[in-house]
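Each of the next two complexes has chain A plus one other chain: chain B in the first, chain C in the second.
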Partner chain A sequence: MDKSLHVVLMYGLTQLGFIFFFYSGDIISSTTEGHWLAIVIGLVLNLVMVWLYMKGLGYFPKQDIISIYSAVGKWAAVLFLLPLVFFLFITNIITIRAFSEVITLVFLANTPLWAIMALIITLSGYIALNGVESIFRTGVLLAILFLPVILFTICISFQNVDFRYFFPVMDEKFSFLARPPYWHSFAAFAGSFLFLGFIQPYVAYRPKYVLMTVAALVPFYFIAVYVPLFTFGQATASTFKFPFIVLMSTIHINWLMFDRITMFLLLCLVTFTMLFISMVLWKLSQVLHRCLPKVKPSYFVIAIAAANFIGCLFITNWDEIQSLVMWNTMLRFFVMVGIPCSIWLLGIRAKRMIKDEGA
Partner chain B sequence: MRALKLLAAAMMVITLSGCWDNIDINHRVLPVVMGVSKHDGEYLIYLQIPEPMQNTTQIKIVKGKGSTINHAVDDISANLEDRVDLLHVKVIVLDKKYAEAGLEDTISDFMRGRDVSPKTLVTICDEDMDHFFSLVKKKMGPKGTTLYDFFEKNAGWNPQIALTRVWEVYRSIHSYTRDVAVPIIRSGDTTVVQHIGSAVIRKGKMVSQINSEETLLFNAFQRESTQGKIEVMHHASVLVIGNSLEVHSQMDGQTPILRCKLKLKVVILETKEHPTSDMIMKELNEGLTHQFNHMFARLQGSGADILGTGQYFRSKIPRSELKDWRTAFYPKLKLDLQVQTIIENTGFLELS
Partner chain C sequence: MDSFIQEIRDSLGDNDDFFFQQEKIGRASVILMGFISLIDLTRTKEALHANMDNWKPDRDDASSMMEAIGEVREMDLSEAITMFMDGKLIVFFESERILVLAEAYPSLLNRAVESPTNENVLQGAISSFIEDIDTNIGMVRKQIVSRHVKVRSFLAGSLCHKKLSLVYDESHADSKLVAKVIKQIESSSDKEINNLQNLTKALGLSAWSSVPKFNTTELPEEVAGALIKGRVILFIDRMPFGLILPNLIWDMFSLENDRNYPLPLMIVIRLLRVVGVLTTLIAPGLYVALVAVNPEVLRIELALTIAQSREGVPYPAIVEMIFMLIILELIIEASTRLPKSIGPTITMVGGIILGQAVVTAKLVSNLLIIILAATTISNSTVVGFQNSLAIRLFKYVIVIMSAMYGVLGLLAGLVLICAYLSSLSTFGISYLNISMNKGESGNG
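Entry: the complex of A and B
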């Protein structure tokens, strides 16, 4: 059965949390002018990678990337899947820890971090335990419940914009390419499209719709960066850790009975991020299950969730999150570029082999 | 497995109930107005707290002292039987002397902390804070929101009052091309507060002052609606019902030039000595232009770009030079304002 809608929603929702929390801050601190260029370069790379990945996966119907790599040989599986496992694991730790930090910053000032992290990981773990179908169903439910709220908050975020902050338009030196925050901004893309390679045996989807989602998400990337810029200006926006969150707390609406609109955005995005975390848990459990087929995947989910939680507890402050993100940079680019390209090349090879056999 | 699930669900009840370190609302005090002043390196904090009594609300003013704002608030909190929660502070009143010394730290702390919302209004008080708050307490109605309503757009706000929030002051501290005007108030004779103009804040420091009439022009320049303001001249008084602004910027070598056209739509309310409509328009245009030029000369002298004129040159000056907008370009800026009045109607009577 065609489940394109589920897949597409999953792909979109998991990115939104990253876009509005981390992407805007990363891009704003990576360059002082011409932010659009930085965004466009990231988006183009993302588009190319997603396209290559799906093109490559198209050569292997009903197979996930684990079996594709295993079929090539043990070395390929180790070479590609081991970094992937590390990347996903670290990403999960960073995500859980960073989002709990945001939650304490914005509203749960007195709640200890471990309680928030435990809540996030238990809920995500529970979703992941029930398998990939339940993750997708949750995704659809969350989209119905929260996407309208997100769209509303985005509309009103334009309240104080001054479009003249768009200038100066160009950064001629491309200096942002060498800045660590710019590399970190790719965290918004990496990780969220990889699941496409895991779900082939379970659900069918049309690549066309995924590419359409990539296009549909483009405005969100621009809004997340440019609305804070238009409101505060670069010099001010770069002093904020989470520009979009500060932006939301400056919105003043008389007729709305709620005083803090930040809360809506935050809570919606946190649910989307839980979805992301559960997806990562599921992916990890799939890979590990293939290595040790005797153990049930659900045990892996619990074990990984526990390991993640313990990992999170070891991070004591924001600087450590930042350095973890930094270490993850190499893995991130390897996973984001290496896996789609290798899958595509393997796909071409497989096609040629079939042709040769046929002839 | 089922038992495990049940256990997990039961544990959720504990963590999800939202009772973590919770302080009930009857044990919290929620100040509406916060006053900040600084004497001899010590912060003095005034909190205006509405206290619900039987059938009515009473206002309590409490005062605390400390080496930082949080220290002072903590001091108050320790002395009060309830915990102070700054989440609902709507107006921050700053001492004028303190504003002149520089607000950067305070404003940055407000932005950093999660308690005071960035959209809290900022005002400056032109008299002794003790005096101000004691008079405010005496005169304020039972609702206790007078100071807030004074600035609220759907309540007591008037177009000659500048409206500035914490985040805007913060932006002016960091922005290259933008400063802010903060309303100045003092306790009134018959009303609770009296508006006497706006403070000109440059990079978080009060450097000059403009009066209410000039604040109206400032608001018009910000494309804020000036609807409802009555302009009185020699021959007539008119009601402003709409305004728009056209701005054209250009660079002449290193000299920035700004040509602005302010269009006002007015309705005639009163006339004296049978003026013609041309006379009224001319009088209004000349009067406002004169007032504006006068204000702008003073602003330029103070080096504070509250009109945000630098914004219009962002596309024309590279960012590395824009950094010095306030010192290198702003003093040289030539601003040419034309006021164009449209008399929309003259009431039931013809102009003779």
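Entry: the complex of A and C
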């Protein structure tokens, strides 16, 4: 049964949260001119990796990456899956902690941080407990409910733009490549497409549609970076941690009964991020379940969620999140480049072996 | 054979509505046995005699006469008792010592086919199901004239027998689903089925699901529509409705009868119901969130108006909201309990309390009354009473979460409900399926 729509929506939704929260800030602070170049390089890398990943997975129908690596040997499973587990775990902690921080900053100043983190983790854990198909169905419902709101807020975000801020066009030195914020911007890509390798045994999808989604998301990357730039200018925009969120606070619409449109954008993105967190929880539980088959996956979900919560409690301020993001950089690039490439190479090898056997 | 009669006398003779009657049919002397409360004895006897008068035998012997009366059958005591309970007449030929099972005129224990009591129909067929299962199936057969419609009947229960019938359209229904349902019913045929909770258990479904597993309907038109969409329908004797299995989320918003309107109007009406459900869920939560936690989201003018209307209200918004919601639920419950003649009293008293007195007494704010009215009205736009109950329950989840986390809680509550709904499935078919055409049972 073809469920491309579910997969595509899941992929798109989980990306949107990262794009409007972290991506815009990272790119704006990584360079002072020619942001489009920075975005395009990231997008091309992302597209190539997604393409390789799916090409590689195409050689192993109905298998997830855990069984692909296990089939090669124990060393491959440890080499690739162990960093993956660490990466996903840390990503979850960072995501939960960072989103809770933003929520307290923007509109729940009196609510303790742990309460918000507990809410996010509990809900994500509940979604993950229901299994992967249920995660996808939840994604579809959330898309129906909240995607229109997001599109509406994006449309009205153009209220105060000044297109002259597009210049200067070029950064000839490519100086952004060496800046840490630019490396962080890849967080928007890295975590999102990995799930494609986990769901093959459960859900069928067509790679063509996933690539189309990657293409359809391109405008959002540009909007997330350029609309704050056009509104505030580089000098001002680079002082904000979350330029797009600040931008939304400046929008004023006469006929709307609400004063702060930020709230709607932010909250809809938070719901999408809950979906992302639940997906990560599910992925982690799958990997761990393969290591210890006797324990039910649902126990792993609960245990990982609890561990994530405790991990989040240990982070006391924003700088610690930043340093955690920094440590995660190595893992991120390993996961983002290493896993798709290795799956692709293994796929080619497997194909050749089948051919040899046939001959 | 006399011992058999004696056995029946022993086990059923203490019922005052059980009769043994000596009778002469033609030349044979017989004993008629049955329940007077289930059989119209006078008409049955008339029919027996008329039958004998018109009887032109090929061969003039007792056995051909017996065949003319009914089915000649060897049976044991428990089988005979089941037949009696089913309203059959047993004729005992004294000289031949043979039992004959005869169809009797049933005494009329059913109401006539009437218009539905729980569902309103605009511009559509208004005859609704009654308690008699055969009449119901007949109505479905009249509604959808197709040779593909199949009926399977089962007898459930060991102490108390209950007739169940499964109706499906073999050209549309997924054969795997039908096989699963039949297997499940057969495997739990010893369980008593007296209500829908029993039935849910007998079908092996979770009894703790807040969303009903069956979509109940009183209208043959809806059942016919469901059959064409590949659902299966269960009828239970003495239940004046059909149970459409599985229940899907879109049933909350769509009626087969909507298709009697032009297409654009149908779409608008259905959208209106979607808006109704969303309003029910969101409105009370949004009030609590905006008043108690996040007033800064509102325009300053609006925030001030709300603050003004709440002036003098001595407790937080959540208490105010829960307090009024519960009173409202009590009114709804009371008006369903009361006889129709005193029902309006409750409406009037409730109207006075909710309308003016409670605001004048500064117990709740004006705005809250508006929110409550909007919630209650929009809750009633849902199709099917059983669905509106589930929505009524869900709104409390959102109200409580909104009181804790403000607008974040409101959205988190919606996510929770979405996650809950997507975790539901019946016989492997997700609750969120939109269409149920053949082969799509894996879709979600």
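Keep in mind that, in the parts below, the second predicted complex is superposed on the first by the 359 of 359 C-alpha atoms of A that agree within 3 Å, B and C clash if a C-alpha of one lies under 4 Å from a C-alpha of the other, contacts with A are read in each partner's own complex, and residues count from 1 in each chain.
Just so we're on the same page, contacts are C-beta pairs under 8 Å (C-beta built on N, C-alpha and C of every residue); 3 or more make two chains touch, one makes a residue touch a chain.
Model, not experiment: these values are computed from the prediction.
Contacts of A:249 after superposition on the shared chain: chain B is touched, whereas chain C is not. In the superposed pair of complexes, A:33 makes contact with chain B only, with no contact to chain C. By the touch criterion defined above, A:165 lies against chain B but remains apart from chain C after alignment on the C-alpha atoms of chain A.
Shared-chain residue A:232: touches chain B; no touch with chain C.
Once the two complexes are laid over each other on the shared chain, residue contacts for A:119 go to chain B and to chain C alike. Of the two partner chains placed by superposition, A:323 touches none, neither chain B nor chain C.
Within the superposed three-chain model, A:263 lies in touch with chain C and out of touch with chain B [touch as defined at top]. Shared-chain residue A:274: touches chain C; no touch with chain B. Once both structures are placed on chain A, chain A residues 107-108, 111, 115, 119, 126, 259-260 are touched by chain B and, in the other complex, by chain C. Looking at the complex, you find that chain C touches chain A at residues 293-294, 296-300, 302, 404-409, 411-412, 414-416, 418-419, 421-423, 430, 432, 440, 442-444. Across the complex, chain A meets chain B through its residues 32-33, 105-111, 115, 118-119, 122, 126, 162, 164-169, 232-233, 235-236, 239, 246, 249-252, 254, 259-260. Residues of chain B that touch chain A in their complex: 8, 12, 15-16, 20-21, 88, 111, 114, 117-119, 152-154, 165, 167, 170-171, 173-178, 308, 311-312, 314-315, 318-319, 322.
Put simply, chain A touches chain C in their complex at residues 1, 3, 6, 103, 107-108, 111, 115-116, 119, 123, 126-127, 130-131, 133-138, 140-142, 145-146, 257-260, 263, 267-268, 270-271, 274.
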